[in-house]
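In what follows, structures are represented as structure tokens.
You will see two complexes here that share subunit A, one where it goes with subunit B and one where it goes with subunit C.
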Partner chain A sequence: MSPDRHPAALAVRDLRVEMRTRDGIVHPVDGVSFDIRRGRTLGLAGESGCGKTLTALALMRLLPRGRARISGGSVLWSNGDGEPVDLATVGEQEVRRMRGRRLAMIFQDPAAALNPVFTVGEQIAEVSRLHLGLSRGKAMQQAARLLSRVGIADAARRAREYPHQFSGGMQQRAMLAMALAGEPAILIADEPTTALDVTVQAQIVDLLRGIQSAGGMGMLWVTHDLGVLAQVADEICVMYAGRIVERAPTRELFSHPLHPYTQALLACVPRLHRPAGGSGIPGSVPTPTDVPPGCRFHPRCALSRRRAAEAGAALSIEGPSGRVLRHCVDEIPVLRQARPEHWIACGEVAS
Partner chain B sequence: MLSLVGLVALVGVAVLRPVLASRLPVVCRYEGRLYFPGVVEVVRSVPFASLVAGEGRPFSLPSFDVETALAESSFGVRALIPYDPMAYSSDVRARPSRQHWLGTDDLGRDVAARLVHGTAVSLKVGLGAMALAGLIGIALGAWAGYAGGIVDMAVSRLIELVMCFPVFFLILAVMVWVEEPGVNHVILVIGLTAWTPIARLMRAEMLRLRDSELATAARALGAGPVRVLLRHLLPNAMAPVLVTITFGVGHAILIEAALSWLGFGVPPPAPSWGVMLRSAYDQIHSAPFLVYPPCVAIFATVLMVNWLGEAVRDVADPRGESENLVPG
Partner chain C sequence: MSDAAFPLLGATGLSVRYGPSGGRGGVTAVNGVTFDLSRATTLGLVGESGCGKTTLARAVLRLVPLSSGRVVFDGLDLSRLARSHLRRLRRRMQIVFQDSLGSLNPRLTIEEAVGEGLRIHRLRRGPAVRDRVAEMLGRVGLQTADLGRYPHELSGGQRQRVAIARALAVGPELLVCDEPVSALDVSAQAQILSLLIALKRDFGLTYLFISHNLAVVNSVCDTVAVMYLGRFVEIGPRAAVFENPRHPYTRILLESVPEPDPTRRRTQVPMIGEPPSPSSPPPGCPFHPRCPFAVDVCRHDRPDLKPAAATPAHHTACHRSDEDLSPATSTGATRITA
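Let's look at the complex of A and B:
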């Protein structure tokens, strides 16, 4: 993966999202960095509530108004020529021009995201009229072309139908057609297959892979499903409680998972020739109001507990969920390179 | 379904009232030329029709005496009820007969003709007032719910303020204060006070939709706030609001009837169901048959409007569990 062949279209640096809650200000996304490269897919994995969807929304500047905002870091968009634009700070007008045109997004539940009162074709046409300035007739033709491109048969007729006449998989295809209508350079997919049947899931995965490799689009694929990421992602970031704990190319991550959290996640994926061991990770992702100090994973970390038992009382500390290593509580682990192209944030794993 | 057909028929009656009940013939031949005085009246009663209709023959009323014309004419079709709603006659308090289907009132006016013309007043008040109320309620409610913050604050307080007015007495006060009260004043006052339930409902719908995936998806594709609000959210918030507006029409018709009955609505010579009811009430002993036509008309119309409201509610909410949304 050479940076020259795949220049970063979106460079996210130390992104922080601040949220106002009853218990004060919290940071559900706390210093996240990654690059989305042209023609490549970056996977963002983690359990529910670890901040991956908020990260995706922050890139689009779509955080719920009045409740959450970007409080630090930068989201640098570059077109290959000219000065990069920082989406974290640029004006609302400018962001609106970028949305749908440079960055597009598809969502988990297409049934809720599509507008039930307009035909699918009208909704797709609206995007190309807005961004490409096409006339109504041209835009409708373009909508039919896009629908057939996302694998909908008899597209011209289906374009005149309403979303409720589409099945779940078809609705997600229609959403994708809308996202593609502005010819974006980056597509952010937030759990795009989670709400779908397994068979339909596979179709959508194939479709997105095909479109991406043909168009040279950069893609951020947000999901809790590592199995899907194994099929689509070139590189994977594993997120936990608002931070990235491990980043590696897909093959590398699956063959050498280093972070205890990644290992635990992978152990949860059921396999045919392995008894259903592990049976999940004890505990749950801490809420942003209540993040543990040091390494945020330490209360659930099997490695830390095991090492603590070996190390003895001097190096360990009694936590609410058992004895863990003292430095896991005291030190915030930073992302460092452990193997070629493989970065991890854990003080316990040797390089 | 029945209610829809009934209401469409009522609107038809209101629009076609010059053909249905008028002294003018629908068609007649006078000095060898065909005239359509009744049809011309229908066209003229449509707002802004005069802009299209010229002063030339098809749209001009012939200047001749109708009775002479019909006497001389070899061909003429009279209206179904060949009386003007405000034409007096010496035939006072006539019982219903073949000549006067519903009888005549204390001034010898044909009740059937007045009933037909009263339809227009009631429907105009009902639809006009709720159109105004709907416009205000939808605009303010949507704005408050979508914008939130200080706008929401201000609009919510305004809603509470207006809801505190005893509407009926406010209308009475205004009608007394206005020099020449007419239908338009009734419409205006009802419209300016009946918008609060609509606005509240709209605001709630917008609060729900504002942070929905629908809105986020529209924004993600580059739609600005105005486009998101008007094109993506508003059509999806309309269903419950339409139900409320429909029920409001029946309510407005009742208010108009009550006002006219009290003598604060449409000024008396004009045919209005409330006015008719008032004069019938005054002579309930000498001519009891006069009470029924306006009563039945008001009852049937409001009933049909409410049935329509329920039908709209069933369509809008297939689960069939809705709270009562009647305003007022």
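Let's look at the complex of A and C:
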């Protein structure tokens, strides 16, 4: 992957999100860095509660007001000319100009993202009126064109219908049309196919791939399902408890998954041509109020437990979920390059 | 009655129709479905949203009225049972839903939710209820410390464990699982699936397991049925259906599964569009408008389920199931050309 052919449209550096809870201030996103490149799809994978959705919302500056905020790092937007803009610090007015125009987002639940009292066409038209300055009539024509582009038949008539008259798959298409209306340079997709039938999933995946290859849009695809990312992503970041634990080009990640967490996550994906392998990753992602010291994955890590049994008492330590390697508890692993273009944060695999 | 050779659950010509009876404008959600489910086996039911799989699940539990056909549970014809008798029978047939937040009462603690069935069916009294609840929680991988918690305090995977504990507390023989893992992330999915497999083995349970994803069904089922617009279009032993799918729709469902292998990336979407509305099913084979292999006869005659010559347990409703349907014989009805 040549960085020159695919310049970074959005460079995220050491992003931190802070949240207020009853137990004090926590960091559900804790130093995350990646690039979203033009014409490429970056996958962000992890279980529920790993911070992937908060990361996506932070890029859009859509964090729940009063409860969460960006507390560190930068989100540098650049469109090739002029000074990059730091979305982490830029004013609310500027953010509003960019949101929908430069960056757009689609969500898992289209029914919640569409307004039930306006027609689908009106909602799409609103975006092009706001961001492209189209007249009401022109914007409605554009809305119908967009609906047809996302694969909705009889688009002009459908544009006059309300969201409840659309099936789940069609609502997802309508939301995509709305996101595309501002002709964004970056699309952030948060579990866009998770609530859909596999057949419709495949169609939406193909649709997004087609739109992207035609327009050079950069995409961030957030999901728990590595199976979907195998189909869409050029590069993948695996996130755990607020941090990125592995990053690699897609083929590299699937042919050489290095981090024990990535391996476990991969084993969870249901497959057709192989009987059920794993029984899931024991336990769940720690809450941000309760992150373990050292490697945050160590209480669930099969590798650390296995090696601890071999290493003996001096090098291991008894934890709440069994014996693990001492350095997994004592040292915070940082992302290190383990293979070409392949980075992992694991003190055990890298050594 | 409890003879192992007898199917635990059987449906014959089962139909469920919603809307005005006899008149127009109704929807036949389930249309003439027939199957047998032996004890300690699992039938996987697969199909897209709106194909009638949830209605079928509810119909076999008599949670919706049947329009025609019969459901027989352990030799008892459910369609004829009196309400009081049916209620007693419910102890033996339980259901787990997709949406655990919606199916658990938000105002009941885990202990109350799991114990409710025990009280209603008068299976335990007083402190024995708590003991049984604690035992069931342990069985599904929750802790006694969770007894006093409320559904919203739990993760989706934990809530689904509660729903399973609640269903199992009354000691059922049949467990209907309606998309039990679809709302969960892959790691919780894998946990719940392996839990269900272990429980089936330990308690000798019989499952009717519903999912839109064949890969999910793969790990739990003995028999797989594929449903389209209210009818079974293919049913057979798991290996036969997965390795030798005979209905074009089954093949498309198989091709649609996102496999975690970037070297086998799909280059072509297997099928576009969504199923037609069940209120106005197309004539002929219900799948023909989306079928890449449809020919004239498919547009006029509805195919019946027929056994395959080599594997008689494997039934398919397709006029062309005996032909070699390679992409070359596609009539191109649904292929994308763009």
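We take it that the second predicted complex is superposed on the first by the 345 of 351 C-alpha atoms of A that agree within 3 Å, B and C clash if a C-alpha of one lies under 4 Å from a C-alpha of the other, contacts with A are read in each partner's own complex, and residues count from 1 in each chain.
One rule holds for everything that comes next: a contact is a pair of C-beta atoms (placed from the backbone, for glycine too) under 8 Å apart; a residue touches a chain by one contact, two chains touch by 3 or more.
The structure displayed is predicted, hence computed values, not measured ones.
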- Putting subunit B and subunit C onto subunit A via the overlay, clash or fit? fit
- Apex subunit A: angle to the C-alpha centres of subunit B and subunit C, given in degrees as a multiple of 10: 80
- For A:H327, is the partner it touches subunit B (first), subunit C (second), both, or none of the two (neither)? neither
- Chosen between subunit B and subunit C, the partner touching more subunit A residues is C
- Query: Which partner does A:R160 reach: the first (subunit B), the second (subunit C), both, or neither?
  - Reply: neither
- Is A:T250 touching the first partner subunit B, the second partner subunit C, both, or neither of them? second
- Task: Examine A:K138 and indicate which partner it touches, taking first as subunit B and second as subunit C; both and neither are also allowed.
- Result: neither
- Message: In the overlaid three-chain picture, which partner chain does A:F107 touch, first (subunit B) or second (subunit C), both, or neither?
- Response: first
- Is A:L62 contacted by the first partner subunit B, the second partner subunit C, both or neither? first
- Message: Just checking: does A:R97 make contact with subunit B only, subunit C only, both, or neither of them? Give me first, second, both or neither.
- Response: first
- Task: Using only C-alpha atoms, work out how near subunit B sits to subunit C after the chain A superposition, in angstrom.
- Result: 15
- Message: Give me the intersection of subunit A's contacts with subunit B and its contacts with subunit C, in residue numbers.
- Response: none
- subunit A residues touching subunit C - in the complex, by the definition given at the top: 47-49, 151, 153, 167-170, 197-203, 205-206, 210, 224-228, 230-231, 250-251, 254, 264-273, 275-276, 278-282, 284
- In their complex, what parts of subunit A are in touch with subunit B? 57, 60, 62, 64-66, 96-101, 104-105, 107, 109, 112-118, 126-127, 130-131, 175, 178-179, 181-182
- Given the complex with subunit A, which residues does subunit C contribute to the contact? 48-50, 155-158, 185-194, 197, 212-216, 218-220, 242, 252-263, 265-266, 268-274, 336, 338
- Message: Show me the residue ranges of subunit B that touch subunit A in the complex, using the header's touch definition.
- Response: 148-149, 211-214, 216-224, 231-232, 235-236
